[in-house]
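Notes follow the structure.
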Amino acid sequence: MTNTLLKLEQINTHIEQFHILHNVEFEVSPGEVTVLLGRNGAGKTTTLRTIMGLNNASNGTVTFKGEDITKLPPYHIAKKGIGYVPEDQGIFYGLTVGENMRVGMRKEDDATKERMEWVLELFPDLKKFWKKPGGQLSGGQKQMLSIARSYVNENDLLLIDEPSKGLAPVIVEKVIESIEKMKEKTTVVLVEQNFYMASRLGDRFYILDDGMTVHHGDMSALREDEELKRKYLGIA
Amino acid sequence: MESIIETKDLTISFGGHIAVNQVSVSIPRNLFTSVIGPNGAGKTTFFNLLSGQLNPTVGKVFFKGENITKKSTVERTRLGIGRSFQITNVFPNITVLENVRLAIQSREKVRFQMIRHFTYYKKFTEEALNILNTVLLSKRANALAANLSHGEKRKLEIAMLLALDPELLLLDEPTAGMSLEEVPAILEVIENIKKEGNRTIILIEHKMDMVLGLSDQIIVLYNGELLAQGNPEEIMDNETVQTAYIGGESK
Amino acid sequence: MDLFLNLAINGIATGMLIFLIACGLTLIFGLMDVLNFAHGGLFAWGAFVGVWAYGITQSFILSMLAAVIAGLLLGLITEYLIIKPVYGNHIQQILITLGFMLVLSELIKVVFGPNILAASKPPYLDGSWEFGDVTVIKYRALIIVVGLLLFLVIMAVLKFTKIGLIVRAGVMNKEMVQALGINIRLVFIGVFMVGSALAALGGALFAPSSGVAYAEMGMEFGIFAFIVVIIGGMGSVPGSLVAALLVGLSNGFMAYYYSDLAMAVTMILMFIVLIFRPEGLFRVSGVSNK
Amino acid sequence: NESGGDEPSGDPQQEETEENNEEESEGNEEEKEPIKIGVLASLSGVLEAYGAQTQKGFELGLDYATNGTREFNGRPIEVIYEDTETNPEVATQKALKLLEDDQVDFLVGSSSSGDTLAVTGLAEEFETIMVVEPAVADSITGAEFNEYIFRTARNSSQDSAAAAAAIADEGVKIATLAPDYAFGHDGIAAFKPYAEELGAEIVHEEYAPQDSTDFTPHIQKIIESDPDYLYVVWAGANSPWNQLKDMDVQGKGIKISTGAPDIAALKTMNDLVGMEGFTVYYHTLPDNEVNDWLVEEHKARYDGEVPDLFTPGGMSAAISIVEALKQSDGSTDANELISVMEGMSFETPKGTMTFREEDHQALQPMYAIKLVEKDGYDYPVPELIRVMEPGETEPPIKNGQ
Amino acid sequence: MIKTIQKSTWIYIAVAFMLVLLPFFKDERWFLFLMIQVFTFGIFAMSYDLLLGYTGIVSFGHAMFFGLGAYSIGITLNFLESTFMNLFLGILLALVLGGIVAFFAGILTLRLKSHYYAMLTLALASLFLVLAEKWRSVTRGSDGFTFRIPELPGPLQDHRNLVVYMFCLVSMVLIFFGLRRLTESPLGKILVAIRENEGRVESLGFRIMPYKVIISVVSGVVASFAGVLYAISIRFVGTNVFGIDVTLDALLMTIIGGVGTLVGPIIGAGIIEFAHHYLSDLSDVHWIFERWIILFGIVYILAVIFFPAGIVGTLWHKLAKRKHKKQEMKQKTSDKLAS
């Protein structure tokens, strides 16, 4: 019990009149990478948004570090040490790359600066286009910016929605390495369609379908289990 | 082989930064061509230049031998160049079905009809539903496009392109964000078009397995320049491509 | 030459006066993308509170202070009751703020009576200095100074703090800003209050210059402020300053040289600017996320 | 009514009542049918203050003319006030309601010329007498005249004649400043011939936008034309007074003259002490019993407030209606009323007014005044120089043009 | 789909028919006049909705068309004899002028985005206002002028108001059905697409300019016609027809009724005119209502809070929600049956 960082119990989420999530349950242990899988429209993004407080759960609880955060406003949740990379990147189009990074910084101390340097090394493109408005970046560059922005804060938990989307293979590799590197300090919940990436990073997995958690287990098990893969992911 | 679209010294710079640099390529008709390259290499910009969203600083674009450099997006679409967008670009507050129907309406040249009721054109609706079926989206036909999940929007994006039924299809990362389960369906659609043999497809994609599986020809852009052009084997053997783009071991 | 100087100085002063009305709106309309038709109402309230406070205290400084405080309070109320439910929806903003504008203007009559109020200025700000043939009205000189000071302060705040960034980011993508740990509500309330206080201060400074405060001044000058913000380019504070000066100067010179068109100068100016620069003089990139 | 005793015309009214009672015996059984008057005024919006003055004046006028009984020949007089909101469309709608629904016998109003013009046609259509008060546009009794229209208010031309009489003289150089819309242009156009006839020379005409924030360039031009007098026609809250002071126009030897406005606006004219001009009304200026009654009664009813610029107008309109009824023996038939009202004279707080036969414009006294500082007043007080008799400010007849 | 359309059409026709009968039950003229105002402003607001609701164009200067219409008819009938020939001439003039001005205004929408276009139209309308103010020999400036409308033949003259009422009502109904057909035509669908995403419309192969110009002209002509009706109903024209208030009225009626619904603006016009009428009468009831404008303002505020998408829009929304719920229930039961 003590070993859970994040826990979702009986989460139901409505968007307007639509009932999107039905009794979603899952648990994240510290230091692990948990992967959310499922087909389009299954409710993965909604799950992450519900954790962030961007969608409100109509019932059920989200517990983070033993504390009920279900009803907290998003900024409050973020301040508790949760970073978020949304699937649409969430770039402020009119602000420059630098300004985008600056808005995202929760603190401006030395540790942050250090992380900033590391991030810019990771994605040199961002350094190159530091003064360019975010809206003018290429699709992949936007993705990098979104990831980078979440990296500069010290997060206990990072929710990442499809980071590999639109990234060139080299960069995907870099992102994988970076997440591996952060793992000790930062727990990660990852939504990922790129099975290669998911299986390299994931410790545990959950499969969502039609707003319900239909399966979960260790990633290693999934990697071997062709049957499961075919059933839920349509791959062999 | 006869080329359907051809560029000559195509160049564009955004306030000093040259995004596409003197690219001259010729895309053969009815072949499947892929464009690859690192992020920010200029692939999307290259598409924008072909489809008319952007005008080149220097250089020319020829479509079926005709110089279309000065032509607008609208004219190029009417000539038969259709595209999908990397960042989804649909009509958010109308239904999925109407999104697709608009594309059909354009293809059927029903543009200034303001007397008839839109339901008069029954076959548009039927066809739109058919297309939604092929991209596995018919279940969401009556949802507002804004309410789609990301992957669903990508499918809608493709559906609209199919509805337009252009001679030249420019696909900008059509399967980005699409689930593993659904990619095959989309691939099938693309493969079917390819098989029909009278359409030309140009694809931007980072998923190398897909690129290699589909392409007859691959173009590599790097820093806005044309780095290489050739069949998949040639490209995979190219060392620069390997180090600059693909990186370490990759699937 | 003297004539030219006279016209120029008065034009600049008028421009500054207009800037005082517009700068609050630049912040609210430009940064927060809120079409606040009640802005003029806040301006009128500032004028009335200023006149009233001056009548009681006989202190110019205190009257300005009173107006600012009234502006802050009204700003808080406005944001909380009126604006909060309609962020991001221009159509609803128009309707609700116009309704609130009616309420504000009418309330002025309830509180201060239906008559116009005479606004006087302290004796030390009365009259003018004469330099040869050049007349410099003291109060107008004060307005130029205050306008410049405000401009510098606003610029400094926007430049050296994250506030400006956060507000702009918040308008572009409110959810994301929150997900980054920022309580955007608080920031918006704050900016809205400051914007309202600036409007009220504008009103309080304006009344003694024209000598009266009247309930309808809100609507009249509210639209004027919109024009200036548009000419300057939405969201650009320097743009508003330049636009305000341009409006002031062109009004002055046109009134002198071609007074037949004086009524239309501002509109013609806006027309010309928009035809040649469709996004205003100073373009702020991507205020909206499209 | 306690002050009814001073009212001289009390007795004849009584007699008439009796006479009528005999004639209309069938009406005696039940309540007598009331005489209805509809008053249109701006009771909200920009001209609200004017509307309120008219309303108060009208109330007082009725009480005065009927000795507080609000009856005529035993028939109660009923007044319905409607707010035009200074919007012609609303004015039309309210007028229709009054004319058709309430079947008023008289219309009175309104505070703006536009509203009034929108309604005068209806008065004609319904064959109902309309007493115009206090709208000033010349065209109401001029180009747009119809015979149902009577005006107790002075018109622009009378203002101008008064203004000219107050300042114009042989060899005097006059510059003018007016708002750049119909009211201003009409005012100056009417002023010019009067002033020129008196030997003055108009050296410069300046028009400034009504809502101008900066009058200095206009004032600059006026100063350059170097006149003896600056005649200002102005109405509305936003005014040039402050800047005239700031630019030290009077210090440069230019005397300012204008029509003194209502008290609220006078408060903004503190800088113009010493100015000579004219006014339609200020409560200390007229010297007659009606005015004494008005001032006293107004103070008594309204918290010690004195009547303002348009209060006597409202009162005059009420008095003129009662007077007309008297002369027509209580008939509310419009054609009969027209015939008695044409040329009718009646006593008002401003003295005797006469509806001129040709255009139904009431000729009335105006006042040449000077603004002086006075203890206990927070505004410059108009002080009488002389009363201008009605004939002195008689405007040209322009109906049907 | 077709079924529902027919159903709503029948409802509209029934309502129109009731409106035809209305004056035979309540024939006070002020009431008819009020209804005429509702019809004219209903038409005007519909023309506004065409821009705002269907094409996403915000205009702060729509009054210019209204004013053009009012002045065209007023000046024609004032300067020429008041005959039917000239009445038609005046209407024709109004429509043509409205169309021409709208054509140029429409071209400008291409260059300018949202607020900037809105303010540009504001400038245009103000210039017309200045023109009306300055061209006094024709317009009589801010005082305005009255004019006569031609006499109707024989007995009809006695029921002139009824005739004007019917004329306005029929105009409104015809315009409503006409515009509704327009918005539901393929062209109407393109307009909505333009509202939603201009750039994408082009890459589907539609040129934007003709559509914006077409809709601007249609809207301008209809607005101008509303101005004609307005002037005819009060037989007076003053500069107020070019005022910002007129535009704001149209805007408010459209928003209150429901943007992009066409019936909404008519209902909005009804609500605003009647609320205005009854609220302003309240001041007779009690002095506390002397400041009835405050209540009027509060109506706007409450409208936004309770009907965020306008009255019609919000009701439709609710209806859709209910339908969805029903469908969901059905689906659930059928799912259960299937499994």
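Points worth noting:
Chains: A, B, C, D and E, in written order; residue numbering restarts at 1 for each.
By definition in this document, a contact is a pair of C-beta atoms (placed from the backbone, for glycine too) under 8 Å apart; a residue touches a chain by one contact, two chains touch by 3 or more.
Because the structure is a prediction, the values reported are computed rather than measured.
Minimum number of contact steps separating chain B from chain C: 2.
Contact with both chain A and chain E is made by B, C.
Any chain touching chain C that also touches chain D appears here: E. Of all chains, the one whose Cα centroid sits at the greatest distance from that of chain C is B.
Centroid analysis (C-alpha atoms only) places D farthest from chain A. Put simply, the C-alpha centre of chain A and that of chain D have 76 angstrom between them.
Between the Cα centres of chain A and chain C there is a gap of 43 Å.
One simple way to say how far apart two chains are is to compare their mean CA positions; for chain D and chain E this gives 38 Å.
For chain E, the set of residues that touch two or more other chains comprises 133, 291, 293.
Counting partner chains per residue, chain A shows two or more touched chains at residues 18.
Chain B has no residue in contact with two or more other chains. Per the contact rule defined earlier, chains pair up in contact as A-B, A-C, A-E, B-E, C-D, C-E, D-E. The part of chain B that touches chain E in the complex is made up of residues 51, 53, 72-74, 77-78, 82-83, 89-94, 98, 101-103, 105-107, 110-119, 121, 160, 164. Note for the complex: chain E touches chain B at residues 1-2, 5, 181-182, 184-190, 192-193, 196-197, 199-200, 202-207, 210, 214. In the complex of the two chains, the chain C residues touching chain D come out as 3, 6-7, 10-11, 13-14, 17-18, 109, 114-120, 126-128, 135, 137, 139-140, 208-212, 214, 216-217, 220, 248, 251-253, 255-256, 259-260, 262-263. Of all the residues in chain E, the ones that touch chain D in their complex are 28-30, 33-34, 37, 133, 136, 140-146, 230, 233-236, 238-240, 245, 276-277, 280, 283-284, 290-293.
Within the complex formed with chain C, the residues of chain A that make contact are 52-54, 73-76, 78-79, 84, 86, 90-95, 99-100, 102-104, 106, 133, 135, 149, 153.
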